[in-house]
Amino acid sequence: MTLITLANVFKTYRHGSLEVPALVDFSLVIDSGEFTVLAGPSGSGKTTVLNLVGGLDRPTSGTVTVDNLDVGGAPAGILADYRLRRVGFIFQSYNLIPVLTAAENAEFTLMLQKVPRPERRRRVVALFHELGIAGLEERRPSDLSGGQQQRVAIARALAAFPGVVLADEPTANLDSHTAEELLDLMRDLNTRRGVTFLFSSHDDRVIGRARRVVRLEDGRLASDSAAHR
Amino acid sequence: MLTALAFRNLWRNRRRTLLTLSAMVVSAALLILCLGVYAGMIDDMLTTTTRLYHGHVVLAAPDYHAHRTLHAHLPESAADLPTPAGVTDMVGRTPRLRAFGLLSAAAGSQPVEILGVDPVREPTVTTLHRQLVAGRYLQAGEAGAAVIGSTLAKKLGVAVGGEVVVVTQAADGSIGNDLLTVRGIFTTGDSRHDGRLVVTPLPWLQQLLVLDGRIHEVVIAVANPLQAFADADRFNAVLPAGIEARDWGDFLPEMREAIVSFDVSRVIIAGILYFATALGILNTCFMSVMERTREFGLLLASGMRPWGIRRLVLLETLFLGLIGSAVGLLGGLLLTWYMQAVGIDLSGTITPITYAGSTILPRLRAVFDPGNFLFPVVMLVVVALVAGFLPANRAARLDPVAALREE
Amino acid sequence: MSALAYAWRSLWRNRRRTLITLTAIALSIMIVQAFHNLAIGIYARMIDDGVRAGSGHLAVYRNGYLESREEGLSFLPGDLAKQVRAIPGVSRVLPRIYLPALAQSSSDSRGILLVGVEPDAERAVNPFLKKLPEDGMLRDLDGRDAVIGKRLLTDLKLAVGRKLVVTAQHRDGTLHSELLRVRGVVETGIAEVDGSLLMVGRQRAALLAGMSGEIHELAIILDRADDDRRVFPALAELTGSRPEVAAVSWKEAMPNLANAIKLDYAGQKFIFVIILLIVTIGVVNTLLMSVMERLREFGVILALGSSPARLRRLVLLEALLLGLAAAALGSMLGSLFTWYLVDTGIDLKNFVPENMEFGGVVFDPVLRAAWDLVWMVRIALFVTGLTVLAAFYPAVKAGRITPVEAMRHS
């Protein structure tokens, strides 16, 4: 079943009087339950694709549709709700809120959704267990290793049971061993829970573990391992 | 180089600097306005007492100064004694005779102070002739005429042209009793004058009191009231025995105190107003220093001395202080100018208020006094430097290695 | 975790900055509260002195007397004095006569104000009469004893036991004279009063003016100054049956004092406003800095699905917590300061001249505060509100953040 569709998307950024094309006539279809990596050198447009799919940015032209929602054209209020309930985000630099504990960070989206406190805690404790960080609930982000922080970030992304998890270079700040562990974890979640993963990377070892590889070059689709479909 | 660097650093966080500056400008400008209005009030008080009634220097017999004794009189020639050398800013002097009595009309009687004046010379000393609300001032050679306060006229139920009876004790012990025709009515805003002062021609009062050719005091006006203290001393050095000069500070000691302590009041008001500003500057400087920990570490590592860093940060707050006080001064000047030119009339809200033997008029009006501008401006720069001192010290004491490691 | 906990912890992320801002707000609350309480204390003292030496907390006059002070406008008190005394909260009732007169000694004369009083009642109330020795007070209502102002005494070159002649206008229009004897001397410190006050028994003054039994003023002293709101209606009811008289409060009877307080407090208020204005600018600055520093964090929160309105509320909540903390700390400091000012006070004896007069009352050189708890709470809440108000611009600024740009930052 088709979950994400980007059709003939152009995205141009303005830097003063300079126009920088980030995506040029980019089209992509992703089905529910896929585990896809966006590969390519930095500046090739990977992050732009993720931002567009996540409803953080709008295309200059073309359409972005996720789960039948016109993400490129929806009003801001709908988009905020879309991000809250249907998308999970994982960032390269974790972006945990420093004044909150690990568990509180993971609970954050649930708090925004007004899920009652005991229910929040129950879900997060279960997730922490599943992600192998049980017992770290009360630590502050500054007291966690990079890998642990990124697991907390994954817990935050998954806590609200989103349809799709978007991850921008999730392993870029981690050593290769930790990166591989994390990726295995994400693949495992993809298999067991059926969560659709779309992430970007320029690390070949990470790319090798993806089920589908979409390569970008200068904002254009260069290759797609699922192109035979 | 350091100067240019400090100046540019100020504008790295434009919004923060502008907000801090606005707090400084607001406090300086409003402080200047406050002081201007306060000085205006004091000026009003001094004017209502000296220029409307007391004059600045009074020559009289010592017993007259102390008790206003009817019998402590002087020859009329005392009004023309030579002016001592050094008294340069005298604007006028006039002889006066004074009596206390009862003024009666149809509606009742009131205790009054009767002032016998020379209708030509008196206006060179006091400005009462400009405060008339009805009728006219006394004319030379006129007898049996009076100019009285408006409250008194109301209480007695008399208008211009009306007649009143004066009863007082004459110098020979007899009861002096005569008719006066009201020629003018004045309002000064000072209840003590408006309610009990009667101004009559000097010769008429001399006759009533049986004191021909005698006066009680010679009243002198000077251009600068603060000069009066020294002028009184100069007069005393040359006056013949039996006559003594006193300045307005002697009969209005509380007023003198208020004026002399104005500088202290200024410091207190400024201190209270500037403390909040000082904390704001302190905060801004700290933020700016903390943000640049790495940069200072780099400067230290590349050989800049700690006092160089300290000087850089202090220079920044100095600039902040200078800009803040310059704009604040401009704002203060404009506000003061407005309050001087236009002012606010409060006579609908409050009545005149007696204070320390003088009267506060129901109006807000500022006066220009260089000290009221200079002081807030200098103090603001000092406050900025003091507030910059802690952050400057902190920046200078940084350990370059640790600072460079910091993000 | 709740939004509250998040806001509170965010507030303390930059401890020094928050502390400095908190201190600024708290200290200004302290200053405003303490100075207000000090002013209230000083005014209460001035009012108390003023009403005791003057026309009472409340006073009854014949209509028109207060404006014109025409001695013809007198009234027969009848049972009024007794009835007023029966109103709960009333401490003393003082009938008085005021006559403008001429006082003569063998050497000089002065225009004076002859005041006819009931000696025992006045002595119990008037702070200056209380100071008189046992044999210095008037003995009866119609005797020839007189209590005289210090300055008037010296001007007329009199001494205790000496005689003087007082001349006043009789009801029939003629001038009547009376011989009096100085029994006591008062010094109020107010030059005008000391130079013109001559106090005699009420009946003696009435005889001189030919107005036997009538009075000009019925001054009423209350147990507590703020009882006037309770006593006034009862008094108005009593005077209601007599249309020729009316009751007024001290504010109308002594406009000089009321206006002096009004003007002084207005000046103080102006300074309060400036202080709070400057503090508000400081709060705007702090919160704005805090928002700008956390651009990235706010970007993440928006990316996670928070609406901009929620983010704005979060910033406002931080300001509210800051304001409440400052209000609590400031009120504590303000209470300590006030406590000191109530207990010890400020002694200005060495700084202000003796007998400093303001609004017709001699200024007590020892300044003491009085508690005004309601006002303290009000100003603390007002400043908290002001802090939240100051957060509006930073909050709007936070709401306008776009997540993509914010996360690209730093």
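General remarks:
Chains: A, B and C, in written order; residue numbering restarts at 1 for each.
By definition in this document, a contact is a pair of C-beta atoms (placed from the backbone, for glycine too) under 8 Å apart; a residue touches a chain by one contact, two chains touch by 3 or more.
Values in this document were obtained by computation on a predicted structure and should not be read as measured data.
Centrality annotation: C (chain centre taken as mean Cα position, compared with the mean over all protein Cα atoms).
Judged by contacting C-beta pairs, the busier of the interfaces A-C and B-C is B-C. With centres defined as mean CA coordinates, chain B is found 73 Å away from chain A. Chain C has its Cα centroid 68 Å from the Cα centroid of chain A.
Averaging Cα coordinates per chain places chain B and chain C 25 Å apart.
Multi-chain contact residues, meaning those touching two or more other chains, do not occur anywhere in chain C.
Listing the residues of chain C that touch chain A in their complex gives 1-3, 5-6, 9-10, 12-13, 296-297, 300-308, 310, 402-404, 407. Contacts from chain A toward chain C in the complex involve residues 51, 54, 56-57, 76-77, 80-85, 87, 89, 91, 95, 97-101, 103-104, 107-109, 111-112, 117, 156. Within the complex formed with chain C, the chain B residues making contact are 15-16, 19-20, 22-23, 26-27, 30-31, 34, 66-71, 99-102, 104, 107-113, 154-155, 157, 167-169, 173, 191-192, 196, 253-254, 257, 261, 269, 272-273, 275-277, 279-280, 282-284, 286-287, 290, 349-357, 360, 362.
Residues 16-17, 20-21, 23-24, 27-28, 31, 68-72, 100-102, 104, 106-113, 154-155, 157, 167-169, 175, 191-192, 196, 255-256, 259-260, 262-263, 270-271, 274-275, 277-279, 281-282, 284-286, 288-289, 292, 351-353, 355-360 of chain C are the ones touching chain B in the complex.
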